[in-house]
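Residue numbering begins at 1 within each chain, and the chains themselves are lettered A, B, C and D in the order written.
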Amino acid sequence: MLAAYDPNDSVGILDSYFPEASFFTEFERFDRHLEKLKRQGNPIHYLSICSPNYLHDAHIRFGLRNGANVICEKPLVLNPWNAEALMENEAETGNKVFTILQLRLHPELVQLKNKLQHTGTKHQVELTYITARGQWYYTSWKAEMPKSGGIATNIGIHFFDLLLWLFGPLQSMEVHQHTHDRAAGYLELQHAQVRWFMSINADTLPENHKKAQKRTFRSITIAGQEIEFSDGFADLHTKSYEAVLQGAGFGIATVLPAIEMVHQIRTAIPKLESDQQHPFVQLPQSPHPFQ
Amino acid sequence: MLAAYDPNDSVGILDSYFPEASFFTEFERFDRHLEKLKRQGNPIHYLSICSPNYLHDAHIRFGLRNGANVICEKPLVLNPWNAEALMENEAETGNKVFTILQLRLHPELVQLKNKLQHTGTKHQVELTYITARGQWYYTSWKAEMPKSGGIATNIGIHFFDLLLWLFGPLQSMEVHQHTHDRAAGYLELQHAQVRWFMSINADTLPENHKKAQKRTFRSITIAGQEIEFSDGFADLHTKSYEAVLQGAGFGIATVLPAIEMVHQIRTAIPKLESDQQHPFVQLPQSPHPFQ
Amino acid sequence: MLAAYDPNDSVGILDSYFPEASFFTEFERFDRHLEKLKRQGNPIHYLSICSPNYLHDAHIRFGLRNGANVICEKPLVLNPWNAEALMENEAETGNKVFTILQLRLHPELVQLKNKLQHTGTKHQVELTYITARGQWYYTSWKAEMPKSGGIATNIGIHFFDLLLWLFGPLQSMEVHQHTHDRAAGYLELQHAQVRWFMSINADTLPENHKKAQKRTFRSITIAGQEIEFSDGFADLHTKSYEAVLQGAGFGIATVLPAIEMVHQIRTAIPKLESDQQHPFVQLPQSPHPFQ
Amino acid sequence: MLAAYDPNDSVGILDSYFPEASFFTEFERFDRHLEKLKRQGNPIHYLSICSPNYLHDAHIRFGLRNGANVICEKPLVLNPWNAEALMENEAETGNKVFTILQLRLHPELVQLKNKLQHTGTKHQVELTYITARGQWYYTSWKAEMPKSGGIATNIGIHFFDLLLWLFGPLQSMEVHQHTHDRAAGYLELQHAQVRWFMSINADTLPENHKKAQKRTFRSITIAGQEIEFSDGFADLHTKSYEAVLQGAGFGIATVLPAIEMVHQIRTAIPKLESDQQHPFVQLPQSPHPFQ
């Protein structure tokens, strides 16, 4: 790594990986440094972005205009039109944008995709993803809908992309819940009917998980049968970066349908009564801890 | 932990320790929350401070005035008069301030102190402390003298306190170097003559350390004999906190001589020629990476 | 003025009034300076607060605990419980809090109050207050309900206090509108029935005002008769400060009913159908410019 | 004005000039808005920059890359290499950078330039510029050398450009003083020998100015004769902007010699003894108010 920028300077962790990286707390000085590297014939080739979601597209443009390809953490952007604007910026600059869709590299899920038989009948799928977060979450930028996109966008984008990849394009949807700590809904995809539930509230964890003090629960069932993919996450992130460097990264067009989907979920008016609810929709609600 | 405040909200690490802690990014909302806890009969008992050094005294006052005892990371404050003002604030509020002097709890060093014989002849001591930091250090608040106090204060305060504890009060001093990446000098203590050198520049590490890719070097020799204390650091921080809770913490008066010493080092005009130099003073200088 | 604190340092205007005032951009350094003044026997006597509304109570506490009386711009606080907590802080510290209720000092309105005859029949009052703001308002803290309290609180508090002062305590209310750019409702006071409308949107100005390029419209009618008070505002602010210094300032208890009123307006669910609407409720709505 | 960006949102002044301007407190959202305007066929044509000096070049690049010409307040940049980099950015983007050199438009000074006869003998020039600033200056970014460039750069750039314009290129220089509140030196120009003094400390004002409570003193003497140019400043700024819009703005190459000059002044080691001192160098020194 040549250079890093973070408005916050508590970055001692850099010592363990890139002690020689230049570091800046102001984007202006970072910009000046990148210009200097370019003029010295030593330009950056990739800019990797890990900032609050709503800043992604501006940071990506910053990289493209500085002559770099860009790797951006999920979700790439919050709205479809942001992604379309970035495609134009790619064309203007000749540089490329890549995103991280690590579940598409998970061995068990790759195997599942290869094994799935799509017939006339749709698969019945239930997706549950609970990853408990502490109280801090609710006062961080992640709790602000315009900044993070909310639970479904911030926590769920990987899973919505996975569903589209496995079961084909979206035909229709319902949203049943979308609060500060959880979201749930129903998706009619080309080859599946999906009931989904996502949450950051530890109270929504299954009882046996709570007893075992586990704070994450991931489950996909197809026709009532559990897909096992608890393991195998360790090196997916590394694999994702390797794929980009080898020219096999996922670009804007690939992730666009998932961005359209979470945008639609975010702006939908929840339907309180429905036959298509995920069973966890019945769990008791929790008040917002700081309101 | 009941509540935490950090202007920066990238605090996901809280999930691993205190998921139930309230969290705030503005001191004003934190203040309001502490007031509320107090009114509800559930006040905080201890406020633990880990902020940029130059803010310590204001943050300590904040805690004292909110009815809490305060535990503050090193250095407690930058200047002796800041410490004296805090003593008055203790008296005004009836609450206490504690600091962390973990080396005084290190088993090997406790043993050394017990073993040391102070006779008419002063011990000849050489102290070397190198802990390499990456380029980020030079653009962080730690590199700004008015904020961190500089190398000797920020990196060295523990060792200067140790020396005073082992060898008695300061009689006179010289400073030989004090730059962006290193400091060196000579101390005449009641029972020792100390040549010291501290650095955050990896180039100053001994060759065998560089080869072994070690980035920290701590050495104290007395009469040419190495004091071995590489291990035993792991739980000193926990022990320090336990001591405070058991009423055996180190207060302002205890740490004041070390604060006086680093203040004196900070404001001294380096003496370029001296017979009392630590041998590493001869190492080649490095330019500031961002100037 | 001895000292000032503003996180933003574009304060060249100080040169025209208080070139000798010390100035700080961090509350911690401001706190240290106030402590120093106190220790030097030259303490501040009054702290004047003009910060975003939701920070007022913490800033007031800061002043009280530093040994100063506090003068705080309107609205004193956002919620009644914040005001009650401050009363306890007054008791704890022995210092006082004052707020600015400048309309109570306006000569025409003082005269009106003296002239008003309260009989068994309630006065029919219509209050209209439009003060146009540019697009910047909607991206500033003033547009965030948790920070400013919204239109009725931020723009209206002076007028609600005026109504209570003129016509006695609140008996019941309705809210008819409360959006990003306007608020409207109905108040049943002891001696009046009030239809009110407030707005920051220039489109809601009366046509003759728009033509004359006037951007502010203030109107109070009692039984259809206009109370004239367009002039006489120039020195009310100065008078308010003078009153505080002469021991005739308005304290927390005085402003509490108005704070209770705006809190109630803020949390009310707007009633879309009502016979008690202010006529401007029928004006066409405008979308939020940045959503 | 279409849009504005300021990290600080206390911009109510916009209401008096551009109530319809969009406003942003984050550069990322500003960037997104400019992109959107461009895509809508309504791009900005000029970006006007008025930010802390050390950010100018990054902000200029931001404008150039967004397809706009840029007008930047003085000093354009702090160092000659920043200006040279910007010339390359102009070439890359096809957009232009303009700066404000308002003294070159001052009627009296234009007349002076036309009248001046350059013979073999150099003019003897004395330049004095004192503009008193309050204590706030010393805690603002303007007091930080790496951010403002210091007194000579931040206060003096207009006058150094004027001198170069009137008397031709720099041949040699001395710097006699350069502290937190004043700077002084000697310039050997092609057609003049200049003794200069600049200050923000009110104590350095001539006695009659102090008595008259004037806080600014500007004086240029040639061969002991005062050039009168106290008036005529009022509309120079407007004229400067008009000139840019009419294609007669001052570009990077024009201002480069003045930037080279202030850079040289900034990095010079003051010469304490010299025969070429401005008389005000003898005034008593003042300590830094916050150190």
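To be clear about the criterion, contacts are C-beta pairs under 8 Å (C-beta built on N, C-alpha and C of every residue); 3 or more make two chains touch, one makes a residue touch a chain.
This one's a predicted model, so the numbers in the text were calculated from it and none came from an experiment.
Common partners of subunit A and subunit D, by the touch rule above, are absent. Distance from the centre of subunit D peaks at A, each centre being the average of the chain's Cα atoms.
Distance from the subunit A centre to the subunit B centre is 41 Å, each centre being the mean of its Cα atoms.
Measuring from the averaged C-alpha position of subunit B to that of subunit C gives a distance of 47 Å.
Between the Cα centres of subunit A and subunit C there is a gap of 43 Å. Subunit B has residues 29 in contact with two or more other chains. In summary, the structure contains touching chain pairs A-B, A-D, B-C, C-D.
If you check the complex, the residues on subunit D that touch subunit C are 4, 8-12, 14-15, 18-25, 29, 132-136, 138-141, 202, 215, 289-290.
Those residues of subunit C that touch subunit B in the shared complex are 26-29, 31-32, 35-36, 39, 54-55, 57-59, 61-62, 65, 82, 85, 88-89.
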